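Letters A, B, C and D name the chains as they come in the text, with residue numbers starting at 1 for each one.
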């Protein structure tokens, strides 16, 4: 059992807004700040582009954790996008929690273009959290499991 | 005819479950459904299950094959066919009759091998209805609930369950549990049958005018202006279709699993906008046409192709489940002409 | 099926040291749709770009995936490369295998595997890419400035100086705004009129400026570069061309009991009036609410005395439609109404006044000709109490939660000027904090305290009670001395909070410009785009965006002008093609998308459609103006039917990326 | 009530105010009532019915009916008026083409509840004030009306008609309901218990789409689940994931728009308590963003197309009690 836990590497999908968080991710690269390779970033113009469908899709296809990163509230490149993200994701995450899906599998974090260190730290922390939870079972699609 | 004390019912079920997978109707959240037999769980006394018994042979979704992609190569994999023997216990006469209708579709050429495989592995034990309800009209289609059919028929009175095999498979099933059964005269269940017949005589839906649905009236019925009125409230959901024991339409879809394509089929409903979607869309563009299709199929096209057998068994599920109380009885009464 | 080329960059050793670039290229080559794959030392070099161009031509590529550094670095470079080879630049996608892979991972096997997956995701996306072309729209080289205060005047002058025609729309009969009502200005104490009125004249005389005074914006259509604005010229009953501004009519007018709004009702004017001596345009206006001729049909005296024959009682409001490329909002502010602040007895005693009223009482052109006299009895006040933060920094709904920013300084100014002119006066200032950031501001405040002996008391006034002897009993607390104070004052001056002009909210609706909960216009970015509204082509000048003093207002006004000039010098605006678009057959017309669009890019039209059931129906559908949309995608999620999608980041593209990553 | 409705409908037809009437048509059994449009007094006399089983929310039919020629008279229960307001706010109906008569409502009966109380073979139902006398093939049975109430009516949020051109009877008031009790009960379970509960409920889903097609908030020209281009279209829950996907996305799409009319649960042939999903969103919205009742005010801005700078962070979910 212990061995399994060690071996388990969760797949994390990170949606990053182009203007702040994607740049923050770039900065953590420029500064050579490590975070696990199982974090894969998808670039979106704004966190408000992320449809709940995308979050569920990631879980369906095998992700163990999904994180959205956007500009800090008040700093959105499009002025208001992340305010909508905040409401939408709060409600979505609350619903997932209500359905009994582990609440630690989802996260929203505001990361500015200057916060390369925060980006790496956030990813490291999120990976550690999801690793503790183990494989996503409650939102998996059995058909998509690797055989 | 064999018999069993009702108090030994669970022993019988346990014995049946020993060698085969056994499904029985039980009550649970949401109503009665066929569920895997759990020792000690009483049989549902509900008139019928929410979903019909057709699921056993024609499940809502069924995998057909897989395509594997290796680089740019495509490999096809056959699915594993379910091969376990199973018994469905407590099927009502209406649902039992539906298998015969489904057989006409799936077992005539070209034979549907998926259906055929499941059919070959299943044994049906039917159960005479004790208390038919107001939504029942199976007798309109010549079904006799006191002779419920299947591989084994059963009846029950206050003390005993009576069993009679109708097929070799049924006989084999009873032989396997012979130690629990005692012999009974062929007339043993007559009281139970009589009671049921008496109840049937009082059902509110009687004498449905079905004579007018002959092939010769096809165009007249098809073009009848009353379809618009009959279908007006239809929400276009698939409830009637999915609870219906005789609806047999399905769609074949490919699902990209990320490491191959899973081809599967799943029930479809003629009520849906995407049903029989071709390059130009659904040939039936309005809900009136979709609604008409469903009943034309059940009442006109199917009998025309199947020696006059209607594709309805009068189970009454659509009467109970339609969100806006549309159903086949209303259509029959409106368009079936004068009762001969 | 696309024909995709994959180009893996080594970035010298930046990528190649940690990612097996050859293996990445080799593996991705066997992906469906990939017909070419190569790796190269520096893909962004000229040789690297030539490699891409040649491959596009030789292999008839329809899509390109570059595995390299961040798209923030070289996406534009590689798009140009593709375009040079005849491929639509939006058929290029970048897999970021440097910043987000080779630089953060040390294990080569792990990094290589991740690079392959990132490459696959980019390939999956390119499969669904479609060629995009940025739209172009012409620019009308004319600007509209709404509001003719110091902000509007400065913006207009700067734009006009750059050679572009500007119109100013001012709802009052004259431009000048609040600054025209002020006496002296802090911290230099030069007179407001002395520095403002020359600018008003400059504006009036500038060949590129046209002033629509006594006019309002009725309707705004169009978008950046192409606004069409309907302006309502309210009827003055005076022909502005003929009127010489001689003022004879105002003298002869028999109706002289009209509260003079310019002096905040502290004296009266005639029914036909010129707001003040230096008004621009200097044209008389008939106030129809008081004019005897207008009300009864009898009188007509002004018409008789007007030698220019400018009076026209039949004049009607006139609507004119003008075209503009840019619009500047400069609608300014007003002090809040003090009805809710009964504790200060504003409504009970004429000797409790606002700071703006105080300005008029000390202004040489004011109701007392500049002599500070109590409104109640015209006597000289000997004890004056100033109360700051009346309605500012006020929680609980009756005032404003924000700091009005200008009150500390003008109160210091009032206190100082009073002490200078009337050294026998005791001056007290109650304050919560004194906030004096700004050039020479704190020095100014300290002079008031140290040189002019103004008594600053940290604490709030709890109650002002008019006394039988005509004085005002001021009860307050002194938080530093920790005691209750009771002062008998002759005059109490309230530094009322300021709020956006009431016309701002309906104007924002017309402009589809967003506002905050206090009705201040929001800026496109609080730090980086402070003078632009999120709605393209709408700019902000002065206090309509937030409380400001004059120097700040003027700098923002000039900044807004600079932004407008930057827009108007362009002949055409090239849009970003990654904008939202709506599938009209699926659109519900429900307005959800419109509500979340920060740019007002979405409008609705009623259109006739042939429906799937072969009937025709008129449906309300959304329409996105690609020139205004900035491509954030908020609308795509607000849309339940999925009718709204985003070019370049479509639902299917993002889901394809998700699928590829999770494989 | 039925007579008063027919009388008024005839008057409005006669004076030309409306040219047709949206109401209910009598069917095979007393509970077997179908929404229908009546164009003449004769049709009204022949089959118009209004009884304790007229539960269907007629407002959704107005999406199509209000776009037809002439004005339609619609009989709306308080619940239905909330839906009408919401549809009006979303421009899905042409309000001017609707003459809405608000009906007082003391709750509708659920025939399933009668059956659960043991009434099998129902041939007639007599109103006995606080009780129903149910005539069945196997004898008469008396059921307290309170026990036969639909869940949504037992937990009625409002008896107030919020939009109407005319009222029949007195308008009711917003109710102090306990509709969130069950949601709260679920919230207080552990995540494992919640998962087990919903897994059990949603696994019964047969994707008949009755919940969606009956829902007055689901009036999309093309639902994403029917649109092959959407990437998530499906006709059957081929995997337990798809059961959850459908119900999460459906609830999310109506979040902030759902008036809690309860049609989804009423029509579910599998008796899945779908209203508990919608109510969860309503409860969250009320608690996190301030009380909001969709449909109460046509001019109100929906909570998901709105925000405040001070909104809570999504991590609020993590800070809640039980996990």
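By our rule, a contact is a pair of C-beta atoms (placed from the backbone, for glycine too) under 8 Å apart; a residue touches a chain by one contact, two chains touch by 3 or more.
All values derive from a computational prediction rather than experimental measurement.
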A-B or A-C, whichever has more C-beta pairs in contact: A-C
Between chain B and chain A, distance of the C-alpha-averaged centres to the nearest whole Å: 46
Rounded Å distance, chain A centre to chain D centre (Cα mean): 36
Averaged-CA centre spacing for the pair chain C and chain B, given as whole angstrom: 67
Contacts with two or more other chains, residues of chain D listed in rising order: 222, 224, 231, 238, 304-306, 308
Sites on chain A at which at least two other chains make contact: 52-53, 57, 61-62, 74, 80, 84, 88, 141, 143-144
Multi-partner residues of chain B (at least 2 other chains): 255, 258-259, 273
Chain contact topology (line, ring, star, complete or other): complete
Chain A to chain D touching residues, read off their complex: 52-53, 56-57, 59-60, 73-74, 80, 83-84, 86-104, 106-108, 138-143
Interfacial residue positions of chain A with respect to chain B in the complex: 61-62, 141, 143-144, 146-147
For the chain D and chain C complex, residues of the former touching the latter: 67, 90-92, 219-224, 227, 229-231, 253-254, 301-302, 304-306, 308
Residue ranges of chain C touching chain A (in the complex, touch as defined): 70-73, 96, 98-101, 103-107, 110-111, 113-114, 117-118, 121, 514, 522, 524-527, 534, 578, 596, 598, 630-634, 636-638, 646, 649, 651, 654-655, 657-659, 661-663
Residue ranges of chain C in contact with chain B within the complex: 30-32, 612-614, 659, 662-663
